[in-house]
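Next up: some structures, all given as structure tokens.
Look for subunit A in each of the two complexes below; its partner is subunit B in the first and subunit C in the second.
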Partner chain A sequence: MSEKWNITLIITRKKGDETPHTQAFPIEVDPDEYVLDGVERVWAFHDRSLTFRHACHHSTCGACGMRVNGVEKLTCITTIRSVTQNGGTLRIEPLRNFPVISDLVVDMGAMYLRLDAAHFSQVAPLPDTGLPFEDDPATEDPQFERLVDCIECGCCISACPIATTTSTYMGPAVLAAIEHRYRETSDISLLNLADGEDGVWRCHSAFECSAVCPSNVDPGWRIMNLRRKVIGHRVRRFFGIQTQEKVLR
Partner chain B sequence: MKNASSPQNFLRWFDPRYRQIGTWGFILNRVTALGLTLYLFMHLIALGQLAKGAAAYDGFIALVENPLFKLGEMLVIAAGLIHGLNGIRIALNSFGIGTRYQRVMFLGLMALAVVGIAIFGAKMFLFS
Partner chain C sequence: MDKPQAIIIGAGFTGCALAHDLALRNFAVTVVERGELTSGTSGRTHGLLHSGGRYCVNDQEAAIECIDENILLRKITKQCIEFNGGLFIALTDADEAYADTFAAGAEACHIPIERLTAAETLRLEPAVNPNVRLSFRVPDGAFDPLRLALAFAATAAKNGAKFYAYTQAENLIRDGQGNVTGVEVWDRTTGKHYSLRGDIVINATGAWAGEVAKMAGLHVAVVPTPGVMVAYNARLIQRVINRLAPPGDGDIIIPQRRMMCIGTTSFEVADIDYIPVFDDQVEWMHRSAIELVPGVQQTRERGAWMSARPLVGRAEKGRSMSRTFVAIDHKETDGIGGLVTITGGKATTCRGMAEKTADTVCKNLGLNIPCQTKEIPLESYRAFYRYSQESRP
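Let's look at the complex of A and B:
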């Protein structure tokens, strides 16, 4: 027989031009269920007008990123046990730094467009998929491909203090995508894309992106690595050293 | 509504709730930078007393012997150490050096700042 907890979900609601407000939903849960299961239970048994995004339920689609008790979480892999206790509360809020469309649904269109501009590829040869400092022999064979780590959940952008104050900043996910794509292609135009006021230099090293990333992307490390690449490119350009430009596939 | 610049969003820079240690580094660097900038202006005003003659400057120096000013000087030293040492971490990380160890670097450098503050504090308040 599974354990049962009584918890209260305090969900931020907003429809149209309403001012955001919270609504409490007491529910009974199994603590080993996931936060997304709790949100779905509220939708199924308490309020069918609650809107939220979800799809795969196994951390592949990146749709269910929300703030749980103030911290960005992929709710489909965050157990209720890990974020509250029996009789406790769970504050569920939409991701920050994105326009709220309805309740927990935010408009991530700007991020997707920027990822497109970075030629973000969701699939890459095995050696190019992980972080370069990870020693994983299973990823050495270039004839195989897999999905890259970034699932475009937007948690990193929500946690970023710089994205809080300007919507023009590319953001950690996009800069990480540029870094990843550059290592794969050596396309100089990617460095030029990142080398700007709203690009790689706008990061102020809070590393919150890496702290909340649910998918081992480590955007903070990638942004700093991208800076090194940009500096190297600038120095080579200053001394007139030719760099062989490559074209994206 | 987009996340347009607003005073509320600016204040979030100084809100460490629910955030990790990196945000403490971020906040400390901003607070100390504002403090050091304010100090720079005060310092220039103080030096301006020299232009008013020796008596004016001596009067000012007598004023800053007040323990409150000493505490202020202590805060300047603390801000300088925290901002400078944290800045070294950020500069190194920005060149891709030690990025994976930025948390440890931050804690280590802040420990060093605390030691420095303690030494300066002892020198200023106990052995002056």
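Let's look at the complex of A and C:
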């Protein structure tokens, strides 16, 4: 440990049916450690009852999304230096718009099952993995495949002002996944899935999702693009125009 | 007849794959995990699906396990693995001199390889060190750790296995003869303490296996051996890049999503519940990464983390130990019934480890039920959330 800071983590706690409350943990950290390391330090050295989700510690699994000083962060890649200062505090809360199981652990089951209903694949051919407006020569070679950008961390759903109003809204991660899958497969049943009051039309284009996404997905852009595709499909259907699109299911 | 009751402590790769195996063998399976699934060592792997090339000279037993399981995983779960292959690149005279030894080792372990010239290597992967002399192409891959374990857990849950996350094993329950008959646990989501009873308890806690065995007064020779890994915010390569040399530190770069990860170091610590990331080791990894792929110098660190591997086997230290696993029936080794310990191994071989452990469990209980996990494709990892809605006890 090179540099040392003393900071206070103010963590939201909740066990069973308790009302959520906060608890302060003054700890010593290296400012170049990540926020998740700080939370893990609290568990290891101060309070073994603290529960939080984490697995990969390098932004591939998407388990450690939390609200840090009011902003959604993937805590394993957020350095302490970037969100507070020596002597400062870090308010750590669970993601919003998901049921809280305990402390910082939320139940992401509903989001996962909606992603599954969209047949969103975590592995895609390389040319399909980026955003279409990106100029990335590495994505040109079709012989490769890679894990896609969306790590299903739920940060976008937590930041979404509309997801707060109703739990039936699919939410940015799911709509972005449908957009991604549609560009990969041209499957029009995906457009029908997204074309509804709990789909693309409920979004108020606040773009909070794109602002907090730690993984380059740009859900806000994808929702807008999906709207274009849905409208295009409706217009073509109205005029009876045959398209190259196919129904896979 | 009632199903035999199995309690698995630990939901890492081994615990999840074992739950899947035992559920298929008609066991009633309960898995307790003190954190989130794969929050110990398993989740923190850099995600290399080994071809076995790394071990084909010094540890052929491990190499054969790797290539066999690599081929099997391609069949049963494609959903979270990048199968882009890998290269072993030679950069020095010593590396070049090692080429024939490597090729002979790979052949002995039936690992399919292809020898490439420097020009061919750079055509495939233009970002590798331009001083490359030659390379071998191998069937490596890269996987997402949480999702690979969840795919096993989802399939187990579909077949009735129950998973209790955030539930810490506090003590082993023993009868008058010292045999293990259950586990006392602490549900950290509610603060409740309760007991689970079973016909067999499996200690699948990897680097923590020694601590759990101690609850029954037993000794398990596992050496927690942490290593540092560093992730970079750009992907300059498509294939895994290994150094063509005997296994050492910082000699593999694994591309994953939009990142590259380099690993790893190898040292020993006493307390593995929190292992700090040491700056000097990160620096060292950074230098090693630049040697393999010089463009790393222009990328930024995205993350740095530690993971404690469970090494077992011979008495030597660190790297020289075998990466294979042990399944210990404590009835045979210590005269204590009802407890089996599985530790060691690596993610690539988790299915095989589970098979051998389930065989040990069946033998312990006098059952003869064959393994089925080689043939059955795994459920979608997301289905874990559909099948595991079970209420907690």
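Criterion: the second predicted complex is superposed on the first by the 243 of 249 C-alpha atoms of A that agree within 3 Å, B and C clash if a C-alpha of one lies under 4 Å from a C-alpha of the other, contacts with A are read in each partner's own complex, and residues count from 1 in each chain.
Please note the rule applied: a contact is a pair of C-beta atoms (placed from the backbone, for glycine too) under 8 Å apart; a residue touches a chain by one contact, two chains touch by 3 or more.
All values derive from a computational prediction rather than experimental measurement.
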{"item": "Simultaneous placement of subunit C and subunit B on subunit A, clash or fit", "value": "fit"}
{"item": "First (subunit B), second (subunit C), both or neither touched by A:N69", "value": "first"}
{"item": "Partner chain in contact with A:N216 - subunit B first, subunit C second, else both or neither", "value": "second"}
{"item": "Dominant toucher of subunit A (residue count), subunit B or subunit C", "value": "C"}
{"item": "CA minimum distance (subunit B, subunit C), superposed complexes, angstrom", "value": "15"}
{"item": "Residues on subunit A lying within both footprints (that of subunit B and that of subunit C)", "value": "none"}
{"item": "Subunit A residues touching subunit C - in the complex, by the definition given at the top", "value": "1-2, 15-16, 30, 32-34, 37, 40-41, 44-45, 48-49, 51-63, 76-77, 101-102, 105, 108-109, 112-113, 115-116, 121-123, 126, 138, 141, 144-149, 151, 215-216"}
{"item": "Residues on subunit C engaged by subunit A in the complex (per definition of touch)", "value": "35-39, 42-44, 46-47, 78-84, 142, 144-147, 166, 168, 188-192, 229, 231, 235-236, 238, 255-259, 261, 273-274, 276-277, 279, 302-303, 305, 307, 380, 382-386, 389"}
{"item": "Subunit A residues touching subunit B - in the complex, by the definition given at the top", "value": "67, 69-71, 96-100, 133, 159, 161, 163-167, 204-208, 210-211, 220-221, 224-225, 227-228, 231"}
{"item": "In the complex with subunit A, residue positions of subunit B that touch it", "value": "1-5, 9-10, 12-13, 17-20, 22-23, 25-26, 29, 89-90, 93-96, 99-100, 102-103"}
